[in-house]
Every structure is written in structure tokens, then in C-alpha cells.
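Below are two complexes that have subunit A in common, paired first with subunit B and then with subunit C.
Then we have the complex of A and B:
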């Protein structure tokens, strides 16, 4: 951060060229760096660090049937970590995450590959890319709800399949099922995979592809040995987006499963609805730690500073 | 390096090769040339003259609009790059950033399914040829420009091509390194017996390296021949101007060229003599520019010792002359 501030400051100040005066100039440049960073640090402190600290504190508070209040007890964590419900909810959430991740990765990589390497004209490339973002002009909830008339018992999907004679009775698992949850997740989050992958693919030097061809690589070998390894950072960034979004979701699971599936986010939301703030906080802390661990593993594959 | 058996000569020939982009851009216009086996060929010309398009068509990275390219009596037109017996060295070297130097060189062998120990052995042999074995574990971005170029060369040679195609191979290097790598390229070409086709816009490079220079202008071959032929016997005004070292001037209805180092400056004999406008000291020679009364600006390149005996100053009058045998008649290049 300070390096990017140093350069223009030094260029604008001719005195920096005098060797003897250099150390004092450095000092004030450092100070300037810190001052410039202060507003952002303040915003993060108030809106990110403080709430997390509060959640952490509240997770040790005590609850009774009708009240909760300050204390330092480990009961919230004790209950959470020994309950079999917690385990099954985490398994379910991780299942949603894994499937959504795999499908969005497959679709995201394919779409990005097509856009970056098979669409020749920049104009078409940009318009197709914008086309991908059109669903994002409406809110998450609207996009989710619009699936309901399509997938419902008498919805468009079922009536078309019935009319075509493919099925005899309406498919029950289309809506209010795990299938519907994952379908909605994929619909909502594939773009978060496409964008970073497309971005890294566009930065691959085209002469590398030609060099691989020149060395005798087939289309698949170019993909496997050149494009895939060079796209890995984008894949990891997209994966971080999708994993954190799905792990923290509660609304999609509730709507699309019709209340039949649980997820960590829904558990927390329920506890908040019941004013069980300490339990919800403990749950949130565990979820945060889990997601941070997953992101930590993903970050091992990529030097994120280099990519931004 | 494997010395190739010369039973079947690896002659590369292009016959009426054209390249169109869209309907109205003609990048290469009926390129016809024969390149002898194990020769060093330079495709020379200003930017946009079609030399790179020609090279890319030989490599197979660009479709041929019409005409035919042959190597060892095989038509290359429809073959994929790796099946042509050519290998290309890219201008930016195009080394794979995610692979080590050794794996970069062995890439072509890996694509052919040759197992690791064998391809490492062969890659090492080529790294040895370009004197880079000690850096085989590095990544390309940890190498200097000259080192990257050696790796790119080794990678292009690993598949044992008949023809190595080099796209402006020296342009990314600083001037000192450029001259060193130039000698290196020439040595490698002579040791390997492979035909090198080298694209450049620098006439110095072409003169220093090439057995055969093909000078292109506006999609066409302007003149092809040995370096001496192009420099000493330019066919057209464009060639004389592009190769440099010539005074191009009108003489009656014709245009002639005289090499600047064949010009003589003598003491003034009359008012219609030329006036010295500029004197440039270049070390071994001194370039004296004189303006004739008819407006033509001529340059005489004088040896340092000759200039010391008779120094010229700006504003002096000088009688300019040359021997009849030094005059070259030029075909006028008409703008197209």
C-alpha cells in the first residue's frame, strides 16, 4: 500500500533528489501512507471488526427460557459441539457447497473458455459477457422465486414433460427438494465463477497457445497442460466466492427446499428468530472458523496478491 | 545435436503464396522463393510488409489463402504446425510460466507421450547446447531476456525440426546482448545444419547473419539474394534506401544509387559545388552531408584517417564525385 503512495509523492517533490534530506522525506511519506489508509481502516473497524468482536463476546453469554445476559459460560459451544443435529446440518451444508462448487466450476470454466478462446471479436465477447450478467439486474429473491412456477407440481417443467409423454405423473422432486436448492445456487452463483476465470483466461498470452500447438499439443492437451494450470488462480478466487456464499446462505435453502432442508445459515436464522442470540453467536463463530479454514486451504493454491 | 542425414534434402519452397485478410487486405502477394537446406535466411522488411505473415504461414499458425508451401517434397498447406517439420520461436519467446526451464524444453516430447526420464535426458542435452543446464530448475520469469531466448531456442529444437522459424528473435534484447546472441544463432545454425528462417526489420541483422536475404515491401518480395547482392547491387530505389549506406539521386530520367563510402569530396572548383551541411563523427568513419545546388542532399562516408588529412567544416564548398563503376541504376519504385 505505502509503495503505491510513495511513487507519485516522490515524483512531485524535487527535494527528494538531495541525498542528505532523504530520511526525513521518507518518514513523512510513511506518515502520509498511514493517514491515507486511516478512513478505510476506520470503516473496516466499525463495520467488520466490531460486529465480529460483539458476536464473539455474546457467544459466551447465558440464556434462560425468557432472557439472556452477560456471562462467561461455554454452554453454548458445549451444546453445539456435542449435538448430533449440528453434525447433520454441517454435513448437509457441506454437501450443498460441494455440489454447487463442482457444477458452477464446470459451467463457469466452460463458459469462460468459450468466451475467452472461441469468440474472436472483442465486441461479441463483451456483449456475451454482459448477457451473462443480465439476471443480476434483479434481486436474488426474485430470481429464486421465479423458479417456483416453473418447477412446481403443475409448473411449466412438469406440464411440458407430461405433454411430451416423457413422464406419466408430475415429478415431485423438482421443487422443494435438494435438487431445487442446488439448481437455485448454481443459477445464483455461476457468474461468480465465470468472472474470475474469464479474467485470468484473458490474461493468458495467446502466443503460449500457439507455442503449445507448435510443440504438437492437441486441443485437449492445450487445455490440460497450458490453460488449466494458468487459470488456476481464477478458479481458486471463484471457488472462494462460491464456497463462502453457499456456506453462509439461509434464504435459498429455506425457499427452495420448502423448509424441508436445513443448513447452518438456517439454524442461525431460526435461533435469531427465537431471540437465542448467544446460541446464534456461537453457531456463527463456528461457521466463521469453518469457512476461514476452507478459504485458508484454497488460498494455499494461489498467490492472491499477485492476481488482484 | 543429431546430425541429419542429407539423403533427402530439406528444401523449403514457397510458390505463389498469398495471404488475404478479409476481402481487401492483401498481406502477402505471390511470395515465391526456394530456401536451400541448412541455409540461414532472413525475411527483411519494414513493419507491415508481410514478413511475419509469411513466417506464420510456413509455421502453420496462419491459413494460406492461395499458393503452396513445400518441405522435403511434401505440401504443408493443410498440415497442423507440429506435423510440418518446422518449429517456431516466438517473438516474446512464449515460455510457459508455470513450468520449469527443463519442462519447457521437454514440453514437445511430453505431448508426444515420451516418458519423463527420456524427455529430461533429451531436454538436458539441448540445454547443454545453449549453455543453460545450470538453470534448468528455474522458472522462465526468473531468467534474463538472453537466458529466456536460449531456453526458447532449446524448446524449438527439441522436436528436431528441418526448419526453425524465428520471429524477430533479437528485438527484445538490449543492443550488446543482441550482437552476442546474433553470433550464437549463427553458430547454432551451422552446428545443427537446420534451415533458419529469421524475420527481422533490421538490415544490420540480416547482413550479419543471412546466407540469403529476402527483402519485402508492401506484401511483395522487393529483392532476394545474398547479403552482398542486396547491399552492393540494390535493384530498386526502395532496396537502396532500406539497406542504407546509399545516396539515391535522380540522373536524367533515371534514379541511381552510389554507396556513401564510394563518394569523394574534393576542393571546390566553382560556384555550382555542394555545401557541407552536417559533419557527424562515428568513430571509424565520418559522415559528411552536403547539399547540392539542385537541392539533393548527399552523404559521403569518409574514413577517419582520410577526414583527418582533409577535415571538412559546415559551410565549406566541396566538389562531389564518384567513379562510373560505382553507379547503380535503380528501377523506380512506384507507389502502389
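Then we have the complex of A and C:
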């Protein structure tokens, strides 16, 4: 029944409308809503839903030695779900995701906290915020690759440490290691945490904090019981960004691990490169399901639609 | 748009032509032969067939391939000599195979390797070439025709170029063993690959592929992460280490693949590898920065490291070389004037200028005799004959690669190409190999 759709416009409507005219008015308003949504729905259908549906279909196709073609076989999934490679690759990818998420959250929350509550002047706040975005004016790849000469065996980091006498031999694990991968991820994606958290923090009514203080709350208590719950939607949005970006990444892992570590994205990229489209599709479907589940779990913590 | 102007060009070109084409298009061929002969005589190329020059200017040929031979200098020279436009796109080997197999409309000329040819030819996106329209066909090195460098050479393992070089007709799909007159790819360049080393950081002679996994170089070795080529390098290492003797390194059985990959996984777990590289510049950076002292490498990467003033040797090894070759294939979509332009381009390609250019970078050209005309005696001596340089050897891009007295790593053409142990290949168990390779990368 169309009348049950709870659009904000309908909810805000006075209850005492003329009974006879109400359904017609609502109907056309609904119609208008659908019409307004149509272009967006069409774009999503053609450029999002259709490709995903195709990937799903291709994931059941068969691959022969040098070509692939339509079929309905479960081999692609069969191999994927029983292979030890899949398990180790997912464990690795989830490890990258969890660590990157925790570190970006810590840094992002701290930076946003500082910007929102410690910087008093709006001008300084905005300029400091813009400062955070400056690295993002260059390409993602450049920012990542610039770490390589810095962290290398004969790189700046090792030379400085050697000169200072902190170490006797170059640290090998700085580059082409999991450390390097996570460092690059944190560098690349922290801003995606800062922005939404800063945004929600700025909208917190300052009188709530004053009230908490008046009621005798310590700084930590204010953080724990006032700011954190009210910032949760921002944290969740930031988390969704970081989690989906890291789960789907292939290039950062390849460059920063020197090709030594695998991630789900890299496996898919390899399969595509080797024309194993059905296998790549099956892999992509499983990854999509995994990421959707993760986002679903995140959404359980907070009703973003209500909070926004 | 493009098709329109082309069909106009075609009709224009056909109607006013004074002499008509016979069924095999022989008018053009004799004309080209004359032009080519004139060219050789004068030593310069002056835009071969004049009658066609006007119409052919409108043609644009889209070529794609690996970075090694997709050079902007070549496109510029084509414009200058032949008048038409050649658009170049450089991709990595995997993407090249992918595009040749799946996007037939995105290219006119595919610059692919022979093992890629084996993989993508069955997809039916390429057309075979009539060798009677190739002026220099008789002078193409034997490797690409009957598989033998010299009459008594032994044919190496792997996807030897001649084995996928011919089909039985212009749209034939089965490879044939003899020189059928229909060539899949016109060979352009090839080379013999081996390990690159940093002699200054190693400090002792390296003679065997087995050294790649020598614990002495723990954390300082690298192998390329393009499975189809990496597995061959690994096979050279495994055989040199005495772990296994292959029936055919280019077409391993599942057991052979398992043994090879297990060897790699063991080495990886022991921390032997510093990194794996996928692109040319990655290999250069790994070597130049000293992250790696011994690794799979390609010849121009050695040159690039040397150009930075860093010692680097393309080490000849006693087990022989892993070799590769590339060629130009024509898209099935080519016909009419475009197809003629493509033949013209291929004849021009083999006529020497490109060959000289590539040979001065350290590759070999399919027709060395024509390339010789575009090289100085000293360059020819250094690059092809393995003689000591009599002066500075300068690359086509102006870098000094060798100076007086230097000798090319590995020596003369015959010595290098005569010691090929296997060709880059694609195996029947390709999919299994790829899965095992992924296990190695994920290990």
C-alpha cells in the first residue's frame, strides 16, 4: 500500500487534511518522488546492477586452456571455496583491513577531536582541515610510490638511522613487507576517517558537553559517554570507506609488499590478466558478499539514516 | 567517422588507379619491390609508393604491444617515411594477451610475443599474412621459418616461434609445421634472456641459473611475477640445481609444475626473495637501488641500470638462455586500403630502419642483413658480432652504453641465439600452473 511509505514529506504533513483528497494528493506526490528518483535509479541499474549481474553470470562460465565461454558450472566456486590459497589470501586481506581500520580510526578520531574541540577559531579550523587534504592533491599512486625510495635498504630512513647510530645494519622489513603495506594504507586512507568524524563532531551541540562537565564528568567520561556515541555515525561512515577500500585494493599491496603478499584484489587482478574471467568473477562475487556482510555488521551498530 | 573517411579513401584510391589489381594484388607488390630495391640502393627511405601516398595519408593504424617495441620514434618515422599515422599503445604482456583475445575492434596491428600468439590465435581475432607480399621473407632468420638458426641447430624447448608461425590459410586456425605461405606473425624482435647481476655487490663469478636460489643471496634475489615467464626462469633454476629434469620446460606435467612451485615456495619462506617484479621499470629500480643483486631481467633493463652509472651484467650462464620473440599480427578487421597500409608498414618494418634502432638497444631484428645498413660498422661489430667496441656505443636515445674495448655480455649473435635452452611458452596445463603460481605468491 502506497500510503504506508514513510517519506519525510508525508510524515510532516498535517493529519487533518481533507479525507477525500488525501489519497490522490499522496499518490501524485509519490509519483513525483519516483519520477525524481528515476534518473538515479536508471544510472545505478545500468552502471552498477547490470555489471554486477553480469559478473555473477560469468562466474558460472567455464574456462578452457586459452578461451572461456558460457556454461553453468560450479568449478570456479568449488576451487575457490576449497583452496588453501583462498583462505590464506582472505586471512591476509582481513589482517590488512583490521590493522588499517584500527590505526586510521585512532589517528582520524584524534585529529578530528583536536580540530573540532581544541581549535577555537573557525578560520584556523578550516585552514588546518584543508592542510589535511593537501597530500590528496597528488595521485594516489605517487603518494604510495614515494615511500619506496624512502624506506629502501639504502633509503633515507635507513641512512638516517644508521648515521644516528640507532641501528648497525639496514632494516630490511621497512620496505617490501606487511609493515610497508599498512603504512601506505594508513597514509592513503586516514583522511577518509577524519572527514566524516570531523563532520559529525562539528554538529555536536556544545551545550551537551558543558552540561556533562557541569554534572561533574571528567574529560574521559565526556569523551566516552557524550562525544563517542554522538560521533558514531561518522565513525561508521569512515569505517565503511576504509574497509571497502582496503578489502578491494590490489595495487598498494603489490607495490608496497614488492609482490610478496597476496590480497583478494591481487588474486582477482592476476586472474583477469591471465584471461581467467570466470574464476575472477567468482572471486569477485565472494569478495562482494564478504564486504557486504562486513558493511551490514557495521550498520548494525548505528542507524546511519536516522543519525544523518 | 573513421570508417567513412576510409571508405572514401578506398574508393578514391581504386577508381583512378591506372593499372588494375590482379587477383593476388600483385601490382602493388611489384611496385613495392621496386621501391624497396631503390631504398636499399640509396640507403635512405623516401616514402615508398608514390601513387598511394595521397590516400594512405588518411589511414590510421592502431598498434598495441609491450613497451619493448612500441616506440614513439617508430611512429614518428612511419609518418615521415610512409605518410600514414601509427598510434601506439604500450601495455604489459598480460594485458596485451587479454586485449588481443577479447577486444578485436580496439586494434589494427597486434605486436605480441609468440607464446601469446599460441594463446590468442584460436580466439580468431587475427588474420594470417601472405608471405608472398613480404619482400624480405627469404631473409628472415631461420628461427622463425623452420626453427633452426643454422641447418644443424637443435630446436629448443618451449613455444618455438616457427611452431606457431604458420597456419594453412588467411583465416586458418590450426598451426602447421611447414612454411605454408601464411604467417601468423611477422617476426620483429627477439632476444635471449638470462639473469642480471650486480657484479660490484656479488664480487665473484656467477655461472649457473642455480645461483638465483643460493642462500648467499638471501633477501637479495628477485624473480618476475608474470607466471608464464617466471615459471620458465624457475624451471631453468630447478634444472640447474639438479632438482628435476624436464621433458619439456615449455609444457610441464602437473608433477613438474608442483616440484617447481614447491621449490619456489620453500625459497620464499626462507626469505630468499626481496621482491617480485612485474614491469620493466620495477626491475630497473630493484637493481639500481641495490635492493636486489641477482634477478630475472630483460636486456634493456640492464642497459637502463648501466645508464645510471651502475655496474650491471647480463650474465651468460652455462645452462643457456631463455629466449623470446615477438611479431606483428594483423587484426581480422583489416581490409582494403588499411590492409595494404599494414603490409606496407610490415615491409617497411623489415627494411632496416627499425631493425637498426632495435639492435642498437640490444635486441635482434628478424632480418639482420637490412638492419646492418642502418648501423655503423662499430655498432654492428659490438651488438651483432660480439667484437670489442672501437669507440663509444651510443643507444638510439643518446645514452652511452659501452666505451672502447667493451664487449657485449654473452658475445655474438650466433653464440647467444645458438645457446637457447627454451622459448617463452604457454603450457597445456596453463590453468593449473597459474593456480600453483598464485599459491606461491600467497605463500
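Everything below uses one rule, namely that the second predicted complex is superposed on the first by the 278 of 308 C-alpha atoms of A that agree within 3 Å, B and C clash if a C-alpha of one lies under 4 Å from a C-alpha of the other, contacts with A are read in each partner's own complex, and residues count from 1 in each chain.
Operating definition for what follows: a contact is a pair of C-beta atoms (placed from the backbone, for glycine too) under 8 Å apart; a residue touches a chain by one contact, two chains touch by 3 or more.
Since this is a predicted model, take the numbers as computed values, not measurements.
In this overlay on subunit A, subunit B fits alongside subunit C without clashing. Once the two complexes are overlaid on the shared chain, A:89 sits against subunit C while remaining clear of subunit B. Looking at the shared chain after the overlay, A:275 reaches subunit C, while subunit B stays out of its contact range. Looking at the shared chain after the overlay, A:71 reaches neither subunit B nor subunit C.
Within the superposed three-chain model, A:128 lies out of touch with both subunit B and subunit C [touch as defined at top]. When both complexes are overlaid on chain A, the residue A:46 reaches neither subunit B nor subunit C. In the superposition on chain A, the chain among subunit B and subunit C reaching more residues of subunit A is C. By the document's definition of touching, neither partner reaches A:289: not subunit B, not subunit C.
With both structures placed on the common chain, the touch criterion links A:215 to subunit B but leaves subunit C unconnected.
In the superposition on chain A, A:226 makes contact with subunit B only, while subunit C stays out of contact range. The least CA distance from subunit B to subunit C in the superposed model is 45 Å. Annotation: subunit A has no residue touching subunit B in one complex and subunit C in the other. Residues 59-61, 80-82, 87-88, 90-92, 94-98, 107-108, 110-112, 155-156, 159 of subunit B are the ones that touch subunit A when the two sit in their complex.
Residues 92, 94-95, 97-98, 101-102, 118-120, 122-123, 219, 222, 225, 227, 268, 273-278, 285-286, 289-291, 426, 428, 430-431, 434-435, 438-439, 441-443 of subunit C touch subunit A in their complex.
If you check the complex, the residues on subunit A that touch subunit C are 63, 65-67, 79, 83-85, 88-89, 92, 148-149, 152-155, 172, 175-176, 254, 257-260, 262, 266-267, 270-276.
Subunit A meets subunit B in the complex at residues 205, 207-208, 210-218, 221, 225-226, 229-230.
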